[in-house]
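Following this line, the structures themselves.
Two complexes are shown next, each including subunit A; its partner changes from subunit B in the first to subunit C in the second.
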Partner chain A sequence: MIRTATRYRMLAIFVLPALAIYVIFSVLPLLSSVILSFFNSSNGGSAFIAFGNYVHLFTDPYISGHFWNALRNSVEFFAIHLIVELPVGLLMAALLTSATLRRSRGIYRTLLFIPATLSVVIVGFIWRLIINPLWGVVSFPLLGNTATALPTISLMSVWEYIGIPMIFLYTALLAIPNDIVEASRIDGASPWQLFWRIKFPLIAPQFGLITILTYIWTFNGFDIVYALNGSAPGPNYSTDILGTLFYRTFFGSSGQVADLDLGATIASVIFFIILVTTAAYFVVLQRRIKTYEL
Partner chain B sequence: MTATAPTRAPRGDRVRGSERGTAFAVHGLLIVFAIIAIAPILVVVINSFKTTMGIFGAPFALPGADTFTLQGYLDVFTGGDFVTNYRNSAVVTAVTIALTVALGTAAAWAIVEYKVRISPLITGFFIVGIMLPIRLGTVPLLKTMVSWNLIDTLPALILIYTAMQLPLAVALMMTYFRSVPTELKEAARMDGANEFRVLGIAIPLVRPGIAAVASITMLPVWNDLWFPLIFAPSKQNQTVTLGVQQFVGQFQSNYPALLAALTLGAIPLIVLFTVLSRQFIQGLSAGYGK
Partner chain C sequence: MRSKLAPFAIVVVAAATIGLSGCSAGTGGTGDAKVTTITFGNWRTEDAKLWESSVIPAFEKAHPEIKVTYQATSTNDYNAAIQSKVESGTGPDVIMCRPFDVNRAWIEKGYFDNLKSLTSISNFTPTALAAWTGADGDPYCMPIASVLAGFYYNKTIFKELGLSVPTTMAEFTSDLKKIKANGKYTPLALGSADGWQLAYNVLDSIGPNYWQGEAGRLGLIDGTKKLTDPDFVAATQAFADLKPYLPDGYQSLKYEDMMQLFTLGKAAIIPDGSWDVTAASATGLDIGVFAAPVVKAGDQRYLQEMPDQGVGLNAKSKNKTASKVFLEWLGTTDFQKIYVDKVPGFFSMGTAAVPYTNKLSQQFADLKKGAKLTPRLALDRLSAGTPPLDDDTWAVLQTVLNDGVSAEAAQQKLQTGLDSWYKPAK
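Moving on to the complex of A and B:
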């Protein structure tokens, strides 16, 4: 046995470096963002103004209009991932674990994941070239229309990242012991029943987790929209999501001066939205999903 | 799954026929998905070797004798800062991986090995970090980097990415350290090895974990656009991702160069992923799933 004092000393030696970097460059910035949102630092000093920035954000017609528009668009951005990426990812995972595949499994797995290794800059331009009306693949300007621009960008993002839920659910499906599957098969379960009555309930916790991760990632989304449309994403802000609004606010863009306080305020609101939803998910849903010890 | 083979033998031909049908459907669907995943990338790669005329004349044809050209690649290397961009991305990614692996391994080892009353708290504190949207702390980070004179430098990116990737690395390495047999560590301690030596003995046993951490750190760091845009925007500090973004803006009408830049930006990670896919998959499932 190692003495308790030694344990604490060893723990300090080994954990502190990692802890320091993690706290200084991740935890503290997030927390001080919230603190900054209660201050006004515009005239050099920093004056405590309580909820002044929040009042400004939600009452100023220009800023609040942009905020609600970006929030709506972020919800849509997430919803498209939810209804396309997760079900199709699940289907791919189910196909990949099919018993009929032998050596080809690894090849399919790699090919289907390759888009996720690309950067959004490349993904954005690949698809922009393919759907360019001049090339003739589609003659309708999908990115130039306020109704179709955001769904189009969302589907590009789905195309890129679908490999993540696929691999995630694929490994979860592989972890199901073969005797459970075999027993139900002998009991006469059809492949359809086998999947939805036996396999899916067993991987439900992982499906829930990838759903909430997708939510966090999409509400932090920025790259694909910026790569395609810049920081004032058109047409007419129809593709402006919370990430681009946040960037434009604290960094500034043509026609908008940089405002660090308001930026921190928007970041805090996004953080709050993510925090509440994620906490609610873990408290309400993840508890109800039965976890089976395998 | 091969264990199912013996039970199949006694079944009748009708069953075997439907199994063939299943196999056909499974392969068919997977092939369709694979084409959707790969074809757009191939279109870009193939057209990067063609002249502008060749690209617009027959976008989906292979380069022929009259349409083949390397001019796009020449333009990229002479007109952009591609070599610098590549070096920056390689430095940032490699140093981040090294730091993440070293610090994450040490921390995970200690959390698993030296159990104290606050251990669950430390574990939880790191686990929460896997989900933390670190980008939302950019405004204070910006102020910190400015006051430390790290704005527009590669170390700024390295520090942020290390902080971003450490929680996942710690969680992942903990699952690997838990499987190191206690007898081995106790035997080493009996022989008078100090704690650093014991860690040294355990490390070879967690090598798969280190490979998983390295491969799962690589992708988000190499491909990130947000932090390079804010913390290392100048020409000499741009990463490939940001470089390609800017290059595309400059060469809007030079399609061969544009497509060559996109291809060069994509190839390194596709190759690395293909080589490391097993470790990557292990990292993704063990890191988030636990």
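Moving on to the complex of A and C:
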């Protein structure tokens, strides 16, 4: 018999190493970044200016213009993933579990997942060549038009990462016990009914989770835009998302002097947006999704 | 057996090496006690071989009492590395200087010694030194190399279509028209996906002929001129007028695409920088270079010369005498001859002419004759705030080509952005 106090002490000892690593490498940098956003260090010293940087970010016409533009683009970037990546990923997962595939299932699963293992730089480079007006398959400058540039980049990203929701939902579908499926077949459910009435409700929690993960990934997105268009993503900032705006502000670009405080401010705002939305999602939606004991 | 002996062998060899190197260092130290070693901090990691095998040996031959250590940091980390090293007193003795704003900040922080007492400084014009002068107007870095902007053209295509090399904007436009009418080649290999390319290689190349080079550039800095003045609008208009001669889908063509188009012999002219002399002639095409054409025949010609590297003396250096000898030497044609020969596309900034072995480099250098030189428009002081004029120019020039924004509106937008933070020193 171990006394409760001892048990708690042991618990603390076991948790401590992981907690220490988490605090040192995640919590502290995050906090120091947030703290940095309350200072002004442009004139050599470092002066505490409370919310001065935030006021500047939202009131300066130039910077706030870039911020709202980047936020709008990030929302669009996410929306395209939400509308294309998740439904198609779900469809692929459903097809992969279909009985008619049998032998070729492994091949399809591998093929569809391969793009997710490629480097973003390679994906960007290949697609840029495919849609290059000089040597590619379309003569329309998809990446050079302010209306089509962001959707084009989003779809490249969807193409690359579609394997992830697919494999995620596929494993969830596999976990559904066969007897439930058989029982509903005997009860006369059509394949359509079988999927939407039986299978989908059972994987709804996973679907919700992959949705919110996609949201976090796309709002933290940076690499594909940077790989294709650099840190001042054109044409005329039409592909500038929050990640590239932060990068440009914090590290500077060719002509732009780096502004650490303002960069930290933007990082904090991005963090706050993602935190609030994710928290709201878990409180409002994820809890209401019914989970079934199988 | 072997595995048991190996550790001993390693220990023996290592001990011997350490012992020997210790001995040789000892004898070296007692032999020539006067040898001073200085370190040369810079961002040109790609030139390490050239400096270590050609430039530094040439210097050490002339000055056996000094040894130079080449200490390169990659270009992205360079500014941060130099700042932390110099401030903690461990910086290299001589430091490569970034042009304009970054270096001006470094001068203000007291990183460099004033170089006006060096005799080699007189080998350079004030324009050449301008990128590295302090608030007092004195030089703080010895200019090493610059890059030029111009237009490469395919001589075979020019011959085939019976074109002559343009010297005025009217001739330039007429050439472009003829190439377009012929229909076989793209007149101008230029895409708008890379904004910097539009600014550095096109507007800042043809523009100085409209805004009279330094007169216009310094006018913007001291506030006597505005970007909305007719000269600047006319320059942007001339830029916008190139639109009909660009390849299809130019909106999404990047710099590499344009260079490919040109080197495959499918485009007649490409506006580009001198750093590309090797790339432009890589496929063996017969290529020439012409300078940005003047507005009207008989006008003074202006050429973009962008300072790239200078070298300054660390104010906290412990080997200032030796460092000054090195800096003096970097300002001579002895150095420049070796340097420009090994790095085609980079040019000596001195007043004395230096021969170039690369044919295209020599052609580029010849463009300097009779031209007044001026650096890129927006990099000196005008981009040290938000919005930086340079970045703004890139995006605005894209809208001029892609969305048909007028030259007046474009210049107005740039001036408004500049007015929001830039206060000219009166």
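Definition applied: the second predicted complex is superposed on the first by the 274 of 294 C-alpha atoms of A that agree within 3 Å, B and C clash if a C-alpha of one lies under 4 Å from a C-alpha of the other, contacts with A are read in each partner's own complex, and residues count from 1 in each chain.
In this text, a contact is a pair of C-beta atoms (placed from the backbone, for glycine too) under 8 Å apart; a residue touches a chain by one contact, two chains touch by 3 or more.
Since the model is a prediction, treat every value here as computed from it, not as a measurement.
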item	value
First (subunit B), second (subunit C), both or neither touched by A:Pro115	first
Partner chain in contact with A:Trp192 - subunit B first, subunit C second, else both or neither	neither
Subunit B versus subunit C as contact partner of A:Phe48, first or second or both or neither	neither
Comparing the two partners subunit B and subunit C, which touches a greater set of residues in subunit A	B
Of all residues in subunit C, those that touch subunit A in their complex	101, 191-193, 195-196, 247-254, 257, 260-261, 378-379, 383-391, 394-395, 398-399, 402-403, 417, 420
Subunit B contact footprint on subunit A (complex, rising order)	2, 4, 6-8, 10-11, 13-15, 17-19, 21-22, 24-33, 36, 91-92, 95-101, 104, 106, 108-122, 125-127, 129-130, 135, 159, 163-164, 167-168, 170-172, 178, 182, 186, 191, 206, 209-210, 213, 216, 219-220, 222-223, 226-227, 243, 246-247, 250-251, 260, 263-264, 267-268, 270-271, 274, 278
Complex contact set, residues of subunit B against subunit A	1, 3-4, 7, 19, 22-23, 26-27, 29-30, 33-34, 36-38, 40-41, 43-44, 56, 59, 99, 103-104, 106-107, 109-111, 113-116, 119, 122, 126, 129, 131-144, 159-160, 162-164, 166-167, 170, 195, 219, 222-226, 229-230, 240-241, 244-245, 248, 258-259, 262, 265-266, 269-270, 272-274, 277, 281, 284-285, 288-289
Subunit C partner contacts - residues on subunit A that touch it in the complex	60-63, 128, 131-134, 139-146, 149, 229, 232, 234-237, 253-257, 259
